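Following are the structures in question.
The following pair of complexes shares a single chain, subunit A, combined with subunit B in the former and subunit C in the latter.
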Partner chain A sequence: MGSVFSQTMAVIAMNIRSLPQRIWMSLAMILASAVVVAILLAFLAMAKGFEATLSSAGSDDVVIFMREGSAAELNSVISRDQVNLIEVAPGVMSDANGPVTSAELYVVVDGIKKSSNTEANIPLRGIQERGITMRDNVTITAGRMFTPGTNELIVGAGILQQFDGFELNANVRFGKNVWRVVGVFSSGGNVFESELWADAKVLQSLYNRGSSYQTMRAQLTSPGALETVRAYVENDPRLNLDVQTEANYFAAQGKQLGYMAIFGRTISIVMALGAIAGALNTMYTSVAERSAEIATLRAIGFSSLSAFAGTMVEALVLAAMGGVVGSVCAFMLFDGLNASTLGGSFTQVVFSFELSPDLFRQGAGFALAIGLISGFFPAWRAARMPVVAAFSKVA
Partner chain B sequence: MKDLYLIYKNLTRKPLRLFLTSFAIFIAFLLFGAVTTLKSALDSGVELSADDRLVVLNSINFTNPLPVAYVNRVKAVEGVSKVTHANWFGGYFQEPTNQVVTFAVDPETYLDVYSELVIDPAQQDAWFRNRQGILIGERLAKINGWKVGDRIPLSSNIFSQDNGSSTWDFVVEGVFTGNDEQVDTGYAIFHYKYFMETQTMGGDWIGWIILTTTDPALNESVARAIDDQFANSSTETDTSTEKAFNKAFIEQIGNVGLIIFGVVFMAFFTILVVVGNAMVLAVRERTGEIAVLKSLGFTSPRIFRMVLAESMLLSLLGGMAGLGGAYVVVAGAKDAMAQFLPNLVLGTDTALQAFGFMVLLGLVTGLLPAYNALKLNIITAFSRR
Partner chain C sequence: MTALFDLKKVAKSFVKGKEKISIFDDLNMTIEEGDFVAIMGPSGSGKTTLLNMLGGVDQPTSGEVWFAGERIDSLSEGNLAKWRANNVGFIFQFYNLMPMLNAARNVELPLLLTKLSGKQRKKNVETALTLVELADRAKHMPSEMSGGQQQRVAIARAIVSDPKLLLCDEPTGDLDRATADEILKTLQLLNEKFNKTIVMVTHDPAAAKYAKRTLHLDKGEFVEEGMAA
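Entry: the complex of A and B
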């Protein structure tokens, strides 16, 4: 048994050391495996980053109210009366300053996207101080908070980075209204950073919204109070509203780029088939070139298992090297890459690609699968190589 | 003739290698064909937009409304030929996730301005007469299985009626197609008047105005005249060509699209590099044979042509199969994914582009070995053995 093991190790070492002699074929296999892994990671990182941006925005103990069937904040309308009814709903928290709720407006304005120099939709959220304190992690990173009752706004860090003209102290014109940027805020990288925030009352008057709002957020007394609130809404015919936790709302929107992950997996699998075809070519050539060597080893008593293992490990090593190269390339090219796309409310969501350890594991799995499949059949041939081959070639 | 036989023999001497190589090429062109088709379908809105069509939007953003009175004021601007308007309805069928792109429009002028829509005259008249009638695109009809005469309830995720319901009942009066396969027919249009009378938000407002100019050369001056007219009013406008508007809309999806296509094309070229490398090496193994052929009296140019023809054949074999595969995939996806994607058509230009890449692959992989064969000195080749 020990001799089989040392034989196998010897053949493996020989195969690996002779790789430079088959440099072009080996490089081709590494490249093929690297590209498949890099593509898989690019798509998954995109879907992952988008999802993380949205799902980290939602809180489990905040509920969001929207008009029935409206699906996104942009489409919803909530009247002043409804706001009053929600403020006194059971299950909604109150403190010394009254109910912990925030009625908000959500209008869409144009901004010039840096990447394409074209107009793109940006949400302008009408909000009041309560709404800002209700959101965790919101900090003013430059300038100051807007003063209620004025044409001042604060801009999310994501907007500042992807759009032109929202620098601190800049004047921004939407239609005939001019706004002044007085502050920049960060919310820990989530979707709120893709928004502009201004005073809700000012927005109501400038956009002819009377006393109505679009969505309402409310802090729950406990995470379990959701059902209490829901029962209250359902029993009051004046409240034709959908109620869900903020976490659920954003989780659903985060799934939107899920098709990217599916698309990416499909393309990677198709690509992997092509890569396997290329890799099989490489490995068969490698076996053919070493046929004399393999047969000689067999003739002097090496087992067929060692021939099999030698080729198999060679394929795995090449595919794994490709996997590493692909992962490193994907990491350098895509990790933290900022992009923006249309989100659920018809507005831009700024997000960054995120390569998590889990994605690297998936990439490694892909590379090893390519190595296994493209190593197995040539290794099988190597193991069954007739000893005669060693001598017929020389003759 | 003999040359052809030799090329054939060379190609098929290792059937497994032939299969693997052409399979890799097949995959590369399958991806190329499918992804390019997807890209061109997404861009078709820009490609097919009429030269003389302009859109007038609220300058804040296109989700903000315009007063209906603007329609007549725009009509009066010099250089304007036809004018129509549309409202976004935010429609869905039964489930909020089952979106139906629906616009409330002025029927006569809308069909006048969107001349690429083709509809049976009898159906058109029926739709004009029935205020509750709705005209649906062919793709939309296919997705939902709707036929002329069907009564369909559509809900809005934005508007509601006086009775509190947000569902409107419509009668399908006609199905429209496009005069080009890529014209999008995945939406529905119904009467603006019916919409205004039933929705509760009140007011006479419209989403946006679409107009045609008498001459595309006037586009710029007409756009400026319209925007100047409404400057400093309570609702300012932003007028641009339909092409610019569609392009900006696609740009909203943003660098995400750019990254996807970039990545896929990178992959395509890498496969070609990998396969090309294998093809070059395969010919190099045959140095000895080429020397024999030369000794037998085959002229160098003849061998050059044979080697080149072999890689060209290999490239076309895999490539054409891949393109055919892409055609089948596109045809399948067209029906299966009609709800998510616009009309997928594997166009002639995509096919030609793919063909160009096949020839290029054949040339690049064939030229080097063919050149080596051309220059090969018989004596050194034999002594190398």
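Entry: the complex of A and C
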């Protein structure tokens, strides 16, 4: 008896070569698989891009202090006295210019979104000089840094991209105050690019914050110094503050869009069920149209395994082709696509859809699952087809 | 001659709804090696069912089917497939060629079940196509050939692995008289020169004349046996 492998390969090759005879049904299955994969990838790319935007903003050796129980910077308050205590905390780095810390304000202003021409919240961060050097990858890409003590601000590249009216040298009015855009900064695509930055002292004055701030950042002497700082805060009753690394803070914020991934997977599974129903129809039709061929091969002596494998591989090939088409479409349509959504402080976060190899692997897995499920039952039918069908009088 | 096929008390029936339909009740039959038997009879007489049982693609309800001393009605489906691959060549009324394969590839199919090398398979395919006078059409697709040519490709496919037995189900039923005669002469040649045992189901008395003997089936029984002149 000849090799099971050679007969199985022969049947697979015949099935694949006969696909053009069932071109429309085959295309329908490819399309169904492609749509499912493209939609899945779109949702996952959105969630991944949002998470990456936030998580890449955080550093492990920078800690952020906020009022106890505050989930976001917007609803935190830190007094001048607390700032003074933090500046001398053990574990907080100091150099010749003093403590490496930045007490900051975080207020919400309005901007007009280019995409919808509607108002949306933008964070305006009051920042100290040290706050800029503590953040990695921040570079002024156009114009210059704001001058302390003036109504000047610099805009993140994401804001410039998504909102109207923040071009270099533009005058921007927030309430009664007019600000002048003197620079554009980039921070490597992370969440800070969705912010406006100005001098913290000016913001305190214009927004009647007295001497208080909202958050404080401090450079640790080493990543291991977090526990020293935390113990210091916990042992001083005047410091009713939460302390965490910047990396942890933004990672938690990034999870907010985790529901997108869950939603995307749910939608994709529902759609995949529809695609499987269509693909099952395609494959059953394929088996019915090839019934005389299958039965003839079985009559000649081909095994039922070869009939099963031929149909199974046909389904997998069609679904995989759909997966490739869906992945290519998703890549072309979504990869690098800029969008903005509401972040943790009720302000817009500008982010890019991000398609990575692990997402493509998930898409491929989804496509193959569609092929596997939609191919199995028709393949079983092909394997169990009565051989006498070859003798039926079909012209 | 020695018995190639021996059918003993074969019965075949099936249930349709609440009704049991009997095709054969007590069929006995012997086919000698090298025989060329035509089976005739009206529609529903059981000709094709008999052919299916001889070819191991259908099982009797009771009784025994022996082939060259081996009982085949009790073989498993997998073993029956191996038995068919080793012993039987099928020729169908509508040729049953694979439309996506050219003539040579169609003829090669049974050889994929053997351990022959690619080179040896190619040689055997050429021999079979030469025997049916279609060596020059090896690369042609079925859609590029006439009905008679397609049936000759089917004959080449049936004989390429050198089986003892050829089972033909209305092999000329879809052909004009002249082409049918060519096909039947080829079958006669295979029987006389190459000692192939042939069982042919046909409605056509002219086709039956090419056989060495004719069995008439009616209501599941042989009613008359005629010998070729």
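As a convention for this text, the second predicted complex is superposed on the first by the 391 of 395 C-alpha atoms of A that agree within 3 Å, B and C clash if a C-alpha of one lies under 4 Å from a C-alpha of the other, contacts with A are read in each partner's own complex, and residues count from 1 in each chain.
Quick note on the criterion: contacts are C-beta pairs under 8 Å (C-beta built on N, C-alpha and C of every residue); 3 or more make two chains touch, one makes a residue touch a chain.
Please read these numbers as outputs of a predicted model, since none were measured by experiment.
Note on subunit A: of its two partners subunit C and subunit B, the one contacting more of its residues is B.
After overlaying the two complexes on the shared chain, residue contacts for A:292 are found with subunit C alone; subunit B is out of touch. After overlaying the two complexes on the shared chain, residue contacts for A:150 are found with neither subunit B nor subunit C.
In the superposition on chain A, A:304 makes contact with subunit C only, not with subunit B.
Legend: residue contacts after superposition of the two complexes on their common chain; A:139 is shown touching neither subunit B nor subunit C. Look at A:118: by the touch rule set out above, it reaches subunit B but stays clear of subunit C.
In the superposed model, A:17 lies in contact with subunit C only, and not with subunit B.
Once chain A of one complex is fitted onto chain A of the other, the partner contacts of A:39 are limited to subunit B, with no touch recorded for subunit C. In the overlay built on the shared chain, the residue A:222 is in contact with neither subunit B nor subunit C. Once chain A of one complex is fitted onto chain A of the other, the partner contacts of A:171 are absent, as it touches neither subunit B nor subunit C. Touching of subunit A by both subunit B and subunit C, each in its own complex, is seen for no residue at all. If you check the complex, the residues on subunit A that touch subunit B are 24-25, 27-29, 31-32, 35-36, 38-39, 42-43, 46, 68-72, 74-75, 107-110, 113, 115-116, 118-121, 174-176, 207, 240, 257, 259-260, 263, 267, 270-271, 273-275, 277-278, 280-282, 284-285, 337, 339-342, 346, 348.
The touching residues of subunit A, when paired with subunit C in their complex, are 1-3, 6-7, 10, 14, 17-18, 21, 292-293, 296-304, 386-388, 390-391, 393-395. By the touch rule above, subunit B contacts subunit A in their complex via residues 16-17, 20-21, 23-24, 26-28, 30-31, 35, 58-61, 63-64, 90, 92, 96, 155-158, 164, 166, 232-236, 238, 247-248, 251-256, 259-260, 263-264, 266-267, 270-271, 273-275, 277-278, 281, 340.
Touching subunit A in their complex are the following residues of subunit C: 48, 51-52, 55, 57-58, 77-78, 81-82, 84-86, 90, 92-94, 96, 98-101, 109-116, 157, 169, 174.
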